[in-house]
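Going by the order they are written in, the chains are A, B, C and D; count residues from 1 in each one.
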Amino acid sequence: MLAGYSLGELGSIMAMQGFAGLILFSVFVLMALGLAVIFGQMGVINMAHGEFMILGAYVTFLTSKLFTTYLPQAFGVYFFVAVVLAFIVAGALGMLVEWALIRRLYKRPLDTLLATWGLSLILQQVYRSIFGAREVGVDQPDWMMGAMNITNSIQIPINGLIVMVLTTFIAIGVYLLIFRMGWGKQVRAVMANRAMAGAVGIDTERVDRITFGLGCGIAGIAGSAFTMIGSTSPTAGQLYIVDTFLIVVFGGAASLAGTIASAFAISQARSTLEFFLSGSMAQVIVLLAVIAILMIRPQGLFVLKVRR
Amino acid sequence: MQTSTDYLLAVEGLTVSFDGFRAVDDLSFYLDRNEIRVIIGPNGAGKTTVLDLICGRTRATAGSVNFKGHELTKMREHEIVRAGVGRKFQTPSIYEDLTVFENLEISYPRGRSVFGALGFKRDAAVRERVEQIARDIFLADHLDQLAEYLSHGQKQWLEIGMLLIQDPALLMLDEPVAGMSVSERKKTAELLHRVIQDRSVLVIEHDMGFVEEIAHKVTVLYQGRVLSEGSVARVKADPKVVEVYLGH
Amino acid sequence: MSDDAHAPHSLFRRRLMQGLVALPAAAMLPRAAWAASPATAAVNTTGLAVTDDTVTVGILHSITGTMAISETGSVEAEKLAIAQINESGGVLGRQIKIIQEDGASDWPNFAEKAKKLLASDHCAAVFGCWTSASRKAVLPVFEQYNGMLYYPTFYEGLEQSKNVIYTGQEATQQILAGLDWVNRTKGSKSFYLLGSDYIWPRTSNKIARKHIEAHLTGCKVVGEDYFPLGHTQFNSVINKIKLTKPDVIYAIIVGGSNVAFYKQLNAAGIDLSKQTLLTISVTEDEIVGIGGKNIAGAFACMKYFESLKNPNNEKFVPAFQKMWGANTVIGDVTQAAYLGPWLWKLTAEKAGSFDIDKIVAASPGIEFKGAPEGYVRIHENHHLWSKTRVGKALVNGQYEVVYETSDLVQPNPFPKGYQ
Amino acid sequence: MTFLTRKDMLWFVVLALVLLIVFPLGLETFRLNLFGKYLTYGFVVLGLVLCWGDAGILSLGQGVFFGLGGYCMAMFLKLEASTPAATKIQSTPGIPDFMDWNQLTALPAFWQPFHSLAFSLVAVVAVPTLLAFGIGLAMFTRRVGGTYFAIITQAFAAILTILIIGQQGYTGGVNGMTDLRTLLGWDIRTDHAKMILYFVNAVLLLGAALLSHVVRRSKLGRILVAMRDKEDRVRFSGYNVAHFKIFVFCFAAALAGVGGAMFTLQVGFMSPSFVGIVPSIELVIYCAVGGRTSLLGVIYGTVLVCAARAAFSEAMPQLWLFAMGSLFILVVVAFPTGLAGVYRTYLDPRLDRLLPWLGRGRAPTTATVERPMHAAAME
């Protein structure tokens, strides 16, 4: 299919295609980071992760409405306020859920899966009751729309750039918090031996709650960012859940670097294959490849044992 | 010099490294038929790892483990068991949701394939053998009880019983008397004395009183290597051993 | 089921009514009196849920699950139509009672609920279904229990059942006129076909491809791609489009994917005021989620747009928004759903009975002059004669009508040469 | 060794009475047909009892096996319905309608054997079993288990859904295979046929429950439980753990396939909406509500949840989702042993006091020592 085009055209397409892969990569990292914290660090399977993302999207929607009504002159920057709010609201709900539900199930990881599935049903219906079954439209300020022209033939999506920047910041933040500031050490200590961690003075309940809240908060930010590129409806969260889990599992649950590496591998594979094949086949091939690799090298990728 | 095949178990040049850390480093030792060998050593010396390597739970990076002419490092766990190696874990590893009878029955060496298990009949021979073992391990009155409700000592006995029912040529025990009350310990020692007849035994143990009671030979491990080997008296007198282990 | 057999009867009725209305005394009577509720035994010989003053119908759409996004509008339209019919005196003198069931976006569940509505509730008619899959699932049920389904969605065609009235367009009604128009007015020669990966987009694109290759001279398809339902990443295909530079992007993407597609299209710098995009899957409903700014300039080929200027629509839109909220938008399918109860009422009154077989027999030729889209008529193949229109999306989320076929387009669910 | 204790026997007979007499007499035909549909899920949850309850292997892809069994049956029925006479308006008469719409001009090779009922019936069991064998072989010998296994089975469900929907010329796509009419000339759409199919289904389900009971009562059943508790101990007792896991996974898949075939026969079509992730999780939840270690409990649980869902959603669909979500959470958090657990804790002891003769079925010797879930085994 590449015959009959000039080198210049092909070069521009390659550049844009590379960038498309990078955007997909950022999207995947953003989706998976929250889950990597919750599943990787705590061993909890949170099937309601998608619903926490959509909560972030709805918060962004409400923020945009508030700005349109009360602060129209500041509409250009509402998105940054929304990201912070999304983090706070989703994180707070996450902590509430941890307190009410998750802490009773730490010894039964498979059961967290079922309970959080129930939670996701409830959240979907809550969104439907509050915002209606239809999609809501989240307005963006003009500067966030459209493309940046690098050259005449190379255009870079601005919303993609914003997602990339946001992802970079959050990934660095998570890295610092979990691996540099000792928080991760506490989390891992609690996970390895709850009684012992408690005995050496770690407030285990607080560690659990804040970690879960943090993961949900990051999901909220992801949801907020996705209002730029996807749909906001009560059931939209379901679209992300399989991909997200596979990325985290593929990367090896405990390591942030693993999550990022796996997001990179999957996004590049998918974005390249989609260019040459139809979208459906690309997705099937990538999923199958991921599973095949997981079968061949489970020991290399599964670096962490789930808390039992 | 004997060749390695004359021994029941010949461990030669056994090495395993985890991310560059050599938990067991070029380890060699030999175990005679009917010999009772105790492995001692400070924490982190690699004692449990040696047992893991022999029974296939951990794969060796290099070296060989020869058991009755079988190269164990190339075999899978259940094949090693079927070749005659039994292994008791440090914390009692029994099936808490099953009764004592069922725990022993599962270990009975028959019907180990999927369809063998499906067609397995609980006949007189099975029942007799289970009851006999149960008497040996002081649990004859507990056959119908769920293993979950046994005391810690009884759980240790049950696990030993689960090994005995397979009549292994090599029995490996990881701290069999750890965490027991004085009376339980006494009974366990008595039990072990009985079960170690007519077979080779590899024991990890910290309790020196117990070690002196049973050991034919002692191997002292330190940082994954053999520090000293010989009779209890000889090892106790070895200044290197005193320094790293007994003396602290 | 030819029209002629019943023509004398209906002609007689019309004359009779005209005569009655002309009488001064009759004008004084309450409206229901001249509609003169006929005896229940006469209008219902097959055990439907009809009493002396009520008739029960079913509404069967997804109000939970992923399809609730799309189907909500249809439920609202059907309830509005039924409320209006009840206000104007009901059907054959009977008020309509509604039993609403939730299909829950699950096809076997649709079949289960359809069975309940027919076998247990004995509904005289059911208004419902949205996806083809749900319709295919309930179809055997309607045929077995001899029920009547009014199905509102534009769909791929290839079907015709005695027990279904299709109030939306079959594929050729929606596709051909739009392609002709874009070829004629924009001089477009090359087309890139996109779709969600299921039967409606694939069949529609198949028809579009045949039409482009066989009937539009010098035109060709330069690419065709499908994406799983719910796909949200379109940057790669957008690059492919940029590479092939088609005159027209022909997009049949549905559901949440739409939002992702148009937002990413906009972000990739494809300006829809320069690049022609023709869709048959984005109604005003979807634009709410996409955002008017992201899709402004695109063309949609439908039979109805909320902005249509005609007396019927100018009454319909305010009535709808009064009932369901001033911000509610009305898309093509919503309007088609609104037609269902009205067509059924007209048919029942022409047949003088609720009996399914009589409704089936009376259906061909039923005319509804009050339709918001303008005059429609039921074809013998149970689809509607209706006009095809092209609208241009505006920033405010509405379409501006830029083209309208001069005549009603004949429905042709089994198009020769397109299969 | 007694195969069924008296109490097991009693409860099994009670279930048989409920399925074969109470439901048929107490329900109108169309409701009975619905219950027949619910009972097809019963096959899947029986398999889950062994796979998840006993062996601790949680599969979130049971819908895949249910779907495959259903598709195998549907392929036979579709071919029978697509006679040249019935499809003469197509460009290629004699092939299923959806193939014709997708420009296929001949029946694909892999469809050919489905002209034979015998082949199709074998395929109903064999296809899901073979797939399960392949997945199991790859996963269990590599020691993938627990949450990872759950997530990977979920990915399989996603892949198969995309494939079925994408390859619509061969599979009927998202619409599925619809308009199935006759089985060897016998019209399966009439009320009478549905009644007969209900009884066939109920009897098969009772048979499946007995078969599952046989497996659980064998040493293999005890090894499954042992594996869930202490996998290493089983391995170091000389068993190849992977083989046992593969077996139980295949067993569950085979049962699910039978359920799928019965579903197709009773509902009259098969669509990919059963292959996806959501139904697979729902099946697990039915199992959890019934009590994941009780064969009879899960059947009651399934019927109860499905019936409650139908009743709720008729009245207030919004409430239904809240109710369903809360039920899942409640069961998992507060009643992890489900209905069967409630029975065991509250009803069983009373029953023993009221009807002491029931207990006598259990001999006091070691010969009939039972598992802790013994009461659940058949209640």
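The rule is short, and it goes like this: a contact is a pair of C-beta atoms (placed from the backbone, for glycine too) under 8 Å apart; a residue touches a chain by one contact, two chains touch by 3 or more.
A quick note: this is a predicted structure, and the numbers were derived from the prediction, not measured.
> Indicate the lowest number of steps between chain B and chain C, counting one step per move to a touching chain.
2
> Measuring centre to centre with C-alpha atoms, which chain is farthest from chain A?
It is B.
> Which chain pair shows the largest tally of C-beta contacts?
A-C
> Roughly how far is chain C from chain D, going centre to centre by Cα mean, in whole Å?
Averaging C-alpha atoms per chain gives centres 38 Å apart.
> Any idea how many Å lie between the Cα centroids of chain A and chain C?
One centre to the other, that is 38 Å.
> Based only on mean CA positions, could you tell me how far chain A sits from chain B in angstrom?
48
> Between chain B and chain D, what distance separates the C-alpha centroids? Give it in angstrom.
43
> So which stretches of chain A touch two or more other chains?
Answer for chain A, listing residues that touch two or more other chains: 124-125, 128, 238, 278, 280, 283.
> Using the touch rule from the top of the page, what residues of chain C touch 2 or more other chains?
Where chain C meets two or more other chains at a single residue, that happens at 63-64, 197, 226, 228.
> Return the residues of chain D touching two or more other chains; collapse runs of consecutive numbers into ranges.
As it turns out, chain D has residues touching two or more other chains at 162, 165-166, 318, 321.
> Can you identify all of the chain pairs that touch?
A-C, A-D, B-D, C-D
> Tell me, which parts of chain A touch chain C in their complex?
Residues of chain A touching chain C: 5, 9, 13, 16-17, 19-20, 23-24, 27, 124-125, 128, 132-140, 142, 145-147, 149, 155, 157-160, 226, 228-236, 238-240, 270-272, 274-275, 278-280, 283.
> Tell me, which parts of chain C touch chain A in their complex?
So the residues of chain C touching chain A come out as 63-66, 68-69, 71-73, 197, 225-228, 230-233, 235-240, 242-243, 255-260, 263-264, 266-269, 285-294, 397.
> Going by the contact rule at the top, pick out the chain D residues touching chain A in the complex.
So the residues of chain D touching chain A come out as 58, 60, 138-139, 142-144, 146-148, 150-152, 154-156, 158-159, 162-163, 165-166, 277-278, 281, 284-285, 288, 318, 321-322, 324-329, 331-333, 336.
> Please give the residue numbers of chain B that touch chain D in the complex, ascending.
55, 57, 76-78, 81-82, 86-87, 89, 93-99, 101-103, 105-107, 109, 111-114, 117-122, 127, 130-131, 143-144, 146, 159, 162, 166
> Show which residues of chain C lie in contact with chain D when the two form their complex.
63-64, 101-102, 104, 106-108, 111-112, 115-116, 119-120, 131-133, 136-137, 139-140, 144, 156, 158, 197-199, 202-203, 206, 226, 228-229, 414, 419
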